[in-house]
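Two complexes are shown next, each including chain A; its partner changes from chain B in the first to chain C in the second.
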Partner chain A sequence: MPYSVNISVEAPIENQIHEITYDGTEIYQPPLSLSESLSKYAQKIDFSKTSEVEVKKEFSETTEDNKLEADSKETFQSNLWPWDTVRNKLRSALQEVCVLADVLAIAKDKRYMVLDPVQQEPLETKSMAQIYARKKALSGAANVLLTGAERLKTSQTEAARNRTVPDFHIELLRLRQNWRLKKVSNTIIGDLSYRTAGSKYIQTGTFEVSKTEEDEKPATPPSSPSPLSTGPVVPKTNTALKVSIPSELKGVAYIEVLCRKDQDDLCSANINLLGNGHTTTHPDMHWQQKLEAAQNVLFCKELFNQLAKEAVQLQAPIPHMVVGNQIMATVLPGIQLIIGLRHSTNVEKKPANSGKTEHDHVLEHSLHQLLREVHHKNTHHPFPHPATGPLGPSKKRMCAGPMAADRYELLEMTKTETLLEQIIKQAQHFFMRMRTEYVLDTIAKEVKDPLISSHWNTLNSPTQSCVKINISTHGYDALCRTPLVIHVGEKTLKCICRDGKVMYMSYEPQELRDLVFCHINQHQILAVQALAKTMGWQSLANSNHLGTGAVEPLGNASSCLLASPTGDRIIAVRCEPQSGVQVSVAHSPRTDFFPSRLVTERKWEHLGGQFRDVRLEKMEGRNFLHKMELLMASLTSNS
Partner chain B sequence: MGVTILQQFPTENRTGPDTIELLSKRIKALGAMQHGNFLVDCETYTSVPQLGHQRTVHVLHNSEQPATVFSILDTGTKTIPLATDGLFDLLMMKMSSFYTSKKQTKAESKGPRFEIGDFCVKLGTITVSSNFKGILVEVEYKPCVVPAMCWDLMKEFLQGFLGFSVPSTPPTYLQNRMQELYTPIDTIHQYLEQFMIYRKSPGIGVRT
Partner chain C sequence: MSGQRSLPHSKEALLKLYRTRLKDDVKSMLENFEEIVKLAKGEHDTQLSRMTQCEQDTYEMHVRAANIVRAGESLMKLVSDIKQYLILNDFPSVNEAITQNSKLFRTKQSECDQKLMSLRDDIAADLYDLEEEYYNSINK
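What follows is the complex of A and B.
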């Protein structure tokens, strides 16, 4: 289509249509002004329902007027009229109020008018309905009273019972002081695991707390005497609280450490946090003991689990074995460390070997301590040094950068020892210490002449201890004393000798034995020389490692040569680790001289004569040095 | 950590790899065992003109101290050495608006690392922005920390496999510190000294 169509867009009709012309155009009424609309709304006010008719009449009147006025287009006039109805209504209201005020004023005087109550028509009462209503109300009140009485009764009985039985809530409060509890819907769940202390063991240690039932009470007292007779069970206590622990945590568990040498037990340690396995799983046990026992089981399980895991992972020269509830590790050749988890749930069966095997409190304590240390480390991290720095590295590692630590040091920092490694080291040290003690004691027993005394340092670490050995002769302590210090490590011994020399020895006890014997010989020679000095004798020569004579199975013989103050007597002492001490004496100018063809003059006898052996065992004297003193004295006085 | 001596080795018309091979053969003939490789690198940052007087920061890493970043601040009048954590590198990145680095000055020395008894020998190929510059031999004598006490021994050892290119006097940096305790930062100072020399020198040849 060539033509465009005009589309008119207009606002919705808001005003009334006044007229529609023949051509269809609509003429609207002009919108009402503010005063007009106000008067329009005022018309609609309904002042009273009573004067409904009047209003209707007036309304029709006004509409009539409106129509008339609309026709005559006297808009101003039509605006005035509507207020008239309002005025009329207000006026009539005023009249009524005035009349009422007059009536009231007259009535108040009581002279002209008296107000009498008007007899009302009595209300008809439905008797049956009233009875029913009263019945219902009474029964409601009765119900309230009955439930109140019931509550009082139960509280009364509760109070009566509580005189003998401790209060559940008090008990719960006590439980709450030592154990973690939480409420899950209607049950109280507790947690006895070491998780809050830093444990990362998967097994949960939840237990449930409940109220002891009333009917259980009378059944328990008769049963209590029998368990009392069987063992040291805690005295029966009435508790209002019952804890139920999962079945896998019930019973008694302990970790047994056995050291076995060629199939015979050397020592064993029973680890049980509660002591010697006296705790039994008695059903009437107090909840505190019950929970402690369960916690102990959990701890032992975690410890064993950790050790078993490490035993499998560790690459030892002789692989560790994990069989069932036992871990076997070789500590030293021929000596095995067996760590076992013992868990018994039945009451009667007590560990039969508990009396036989001896208790090692040190190993017991250290295993306990090691796991606690791991727990502690899990919860106590070192603080990052710049507050924004990374969390985790140790203090040592954090200093490594600024201190310019080299690769070796950094590598050392990354090494961590597992629990099993540490306990093996401790066991190794235990054996080293035991062997050292044994060697020193047997030597002290065997060798009487120089006295061997050993002093163990009381302060030591689980993997290092120190012993000081003093070799001295009775009665001559001040004269000469040979001190030795031995550091007992895990697999080696470090001996610091008198002259400052440091010797390293392996775990074989024979090496230490040989070393001590060597020092005994040296001591004898040194002591003789010191004695000679005080006696005025002269030391001509001494050698700690003599090359002459028969070959010794261990070490070398040592010797010394002493000359009397006048020089005419010579004593030779030779000390051998195996055969002991030999003493020879030579008289330089022999007392009797017979000229021969070879030795013509007496002066040649000063060159020295033949040595003659002294039979020491026949000599008088308490010990070697005493004998030597007597010998020297006799040789000096003789001249 | 013992005393370390840094020593240039003339290439004499040989290529870098050839020289390293020659020295490796010599040191192995003495009974040394190769223990991995090493790397020392140096990056130089200069302060922007807005900061006023120009300062230079040399940031060095030594594979012998992998957790440490060494830096030497050169103010023109004095040098301030600093040994820090690895985080220092990140700090330098943050300060890139104050200290800018010239990429073409990045110098490094890397090569095999040998151990022979108490000595540790490192044969380093010096490259400055990946151009071959020369050969640097580092010898460390681990048991001693006072240079004066072991210089003669080290000189003899160096001459033993480097020939007579070894001077009879210790490096200039160490000459004033012969009686002091030797620390890792002293090694870094020596390296920086050498790197500065190589940076100034024209390239010996393209690295082959």
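What follows is the complex of A and C.
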């Protein structure tokens, strides 16, 4: 301690400097007055820290305090602001003290209030009661737990026991395996559009998957959900899964294809991808069927949309009409193809013209196929040959460079057929085929003598088919037969004749008819000649297109001349498409010869005599050739 | 799994959420049970009277028991949610299903094609005979 230095800490005597003038003199603040310094120190007092003890002390000296307070109030009233907190505290203290004084006064009176001593020891309760109470509480809690556990257990066993009602998750798994699903926040959204299969249709096919409410479930045993079977399933199926489909995809849709000739239905086909037209929208249909129906609706809509778009864009000689849900296109003169979209959401309503569907569903299938093909093309691009090449151009165009294709070829490559064009072509072909069939059948019915048999080729395409016609005579098949091949195209017929000639015909059935009749005549003449050869007769002349005789309305008459082995008899045959066959016979020389002045020698009789008509219809024989054979035989034997 | 790493953030967050839900529920069960046991001990000094305290304890026990049940049910819900998530995001199994389906349909298609072909051949042969017969007969 002796080494320590004393440091005295004291406030500077000087007052605070208020201002320093330019000449360096300092102007001091005047010192605080007594009251000012008091208030300054009083402000520093923190009254909130005053302990209860002090308060109690204050209470004990109530009267003194009161006095003091009154004094202080009077004293510092003038200087309100610095003393404000102090005053407030003191006032509240005064209030409390006043209240306490009042209470004490009332308690002292003992008329209105009695003060009891506070019981220091807690009420003695029996410990057994407490245990019972606790036990009760525990059992209550256990009860809650047990009921909760029971509920969980029953819900589990219920699901396990009721195997009839498939579990939601199993159903969901099945659904997931067959449809695209994703979770968006709290809902499961599915997609039934064909977009992943290459469709570019704008309409979305989203549906929502939700759990079936417990009370909605019917109690009947369900059929197991088989996602692959599209056959008739019991409509009342229990499923734990509910599928909600947007309203525009509900119901049943199909595309109706009608071929109309002068307002008269020739044929109609109903497209319904689900097969039969009796698919109705049952409210509790199995989801698989429901989704398939909706997908079908979407597909039909896309198909129709595509067709309508093409119908408007196509520049046809007779413009296609699109009215409402119908497209009208002219296939052949007088024949119209009507494609309509039928969409019925009504459960009761059946397709209107289900009775008319006696025709084959070729057009139905074709339309279906065409759109699928478009889808397929959209997703399956040909691979670029150098792997770095652009994706998209066809294989043919890839080769265009190396093959030095010219402009025309390149232009040809860019041409693509629209769906409508293709379906119109198919319809045209359909009609051509029908007409050809009809013509051939009627000719076969009309013409009995040479047999006309036609065989349709099994191998054909939607726009091309082939029929082989055989003209032959019954019993003389081996002798002569005239084969004809007709290729039926979209608007033209191509006929390949016996001699290799190729004829092109238009869609008018009369042309084919004429051609076949012409060939029938030729066949008769050729057959007679072939027969004559076997009989030892000689064919003198033969003309397919005879210039003589009456003018035929179609084609020319054909004829031939035959001479007997000895040469004394001549048969002339003339075939006309219209009037049939004429046969004439001439004898030379006559069996009896009498020399006259004009014809002096017998040899002149060999020049030939007069032809006499043979009445074929009176002759015996099954058919023309048979009659001719008999005729020749008789003429031969007579000589 | 390397596939797990490439999961988008939302999926990862969802999986994390499932994990936290599981932990929370289990924790809630445990805590509530512990609290019940603590209450059963009944050693706490309060200013309340014994009867009131008993009543409060009973009530608290009930609530905590209910909490345990709720946590259990929440776990069940979690299980079902995870199942749903798995079903919707299990792409390998979906791919498998698709391959299987396409295989099935392909075999079906070839089967149908075969049947149709044989049917066509039969019909073609029969048609030829019938045509022959028809066109060679008198009655047409």
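We take it that the second predicted complex is superposed on the first by the 448 of 639 C-alpha atoms of A that agree within 3 Å, B and C clash if a C-alpha of one lies under 4 Å from a C-alpha of the other, contacts with A are read in each partner's own complex, and residues count from 1 in each chain.
Just so it is clear, a residue touches a chain if its C-beta (ideal position, glycine included) is under 8 Å from a C-beta of that chain, and two chains touch if they have at least 3 such contacts.
Everything quoted here is computed from the prediction, not taken from an experiment.
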Touched partner set for A:I452, first chain B, second chain C, both or neither: second
First, second, both or neither for A:G389, with chain B first and chain C second: first
Chain B versus chain C as contact partner of A:L138, first or second or both or neither: second
Contacts of A:N178 with chain B and chain C, given as first, second, both or neither: second
Which superposed partner A:Q130 touches (first chain B, second chain C, both, neither): second
Chain A residues touched by each partner, larger count belonging to chain B or chain C: C
Which of chain B and chain C A:N186 touches, first, second, both or neither: neither
Partner chain(s) touched by A:S8 [first = chain B, second = chain C, both, neither]: neither
Touching partner for A:A404 - first (chain B), second (chain C), both, neither: first
Touch list for chain A against partner chain C, complex: 122-123, 125, 130, 133-134, 136-138, 140-145, 147-149, 152, 155, 168-169, 172-173, 176-178, 181-183, 188, 228, 441, 444-445, 448, 451-456, 458, 474
Of all residues in chain B, those that touch chain A in their complex: 1, 63-70, 83-87, 183-185
Contact set on chain A toward chain B in their complex: 386, 389, 397-398, 400-407, 410
Residue ranges of chain C touching chain A (in the complex, touch as defined): 36, 39-40, 42, 49-51, 54, 57-58, 61-62, 64-66, 68-69, 72-73, 76, 80, 83-85, 87-88, 93-94, 97-98, 101, 104, 120-121, 123-124, 127-128, 131-132, 134-136, 138, 140
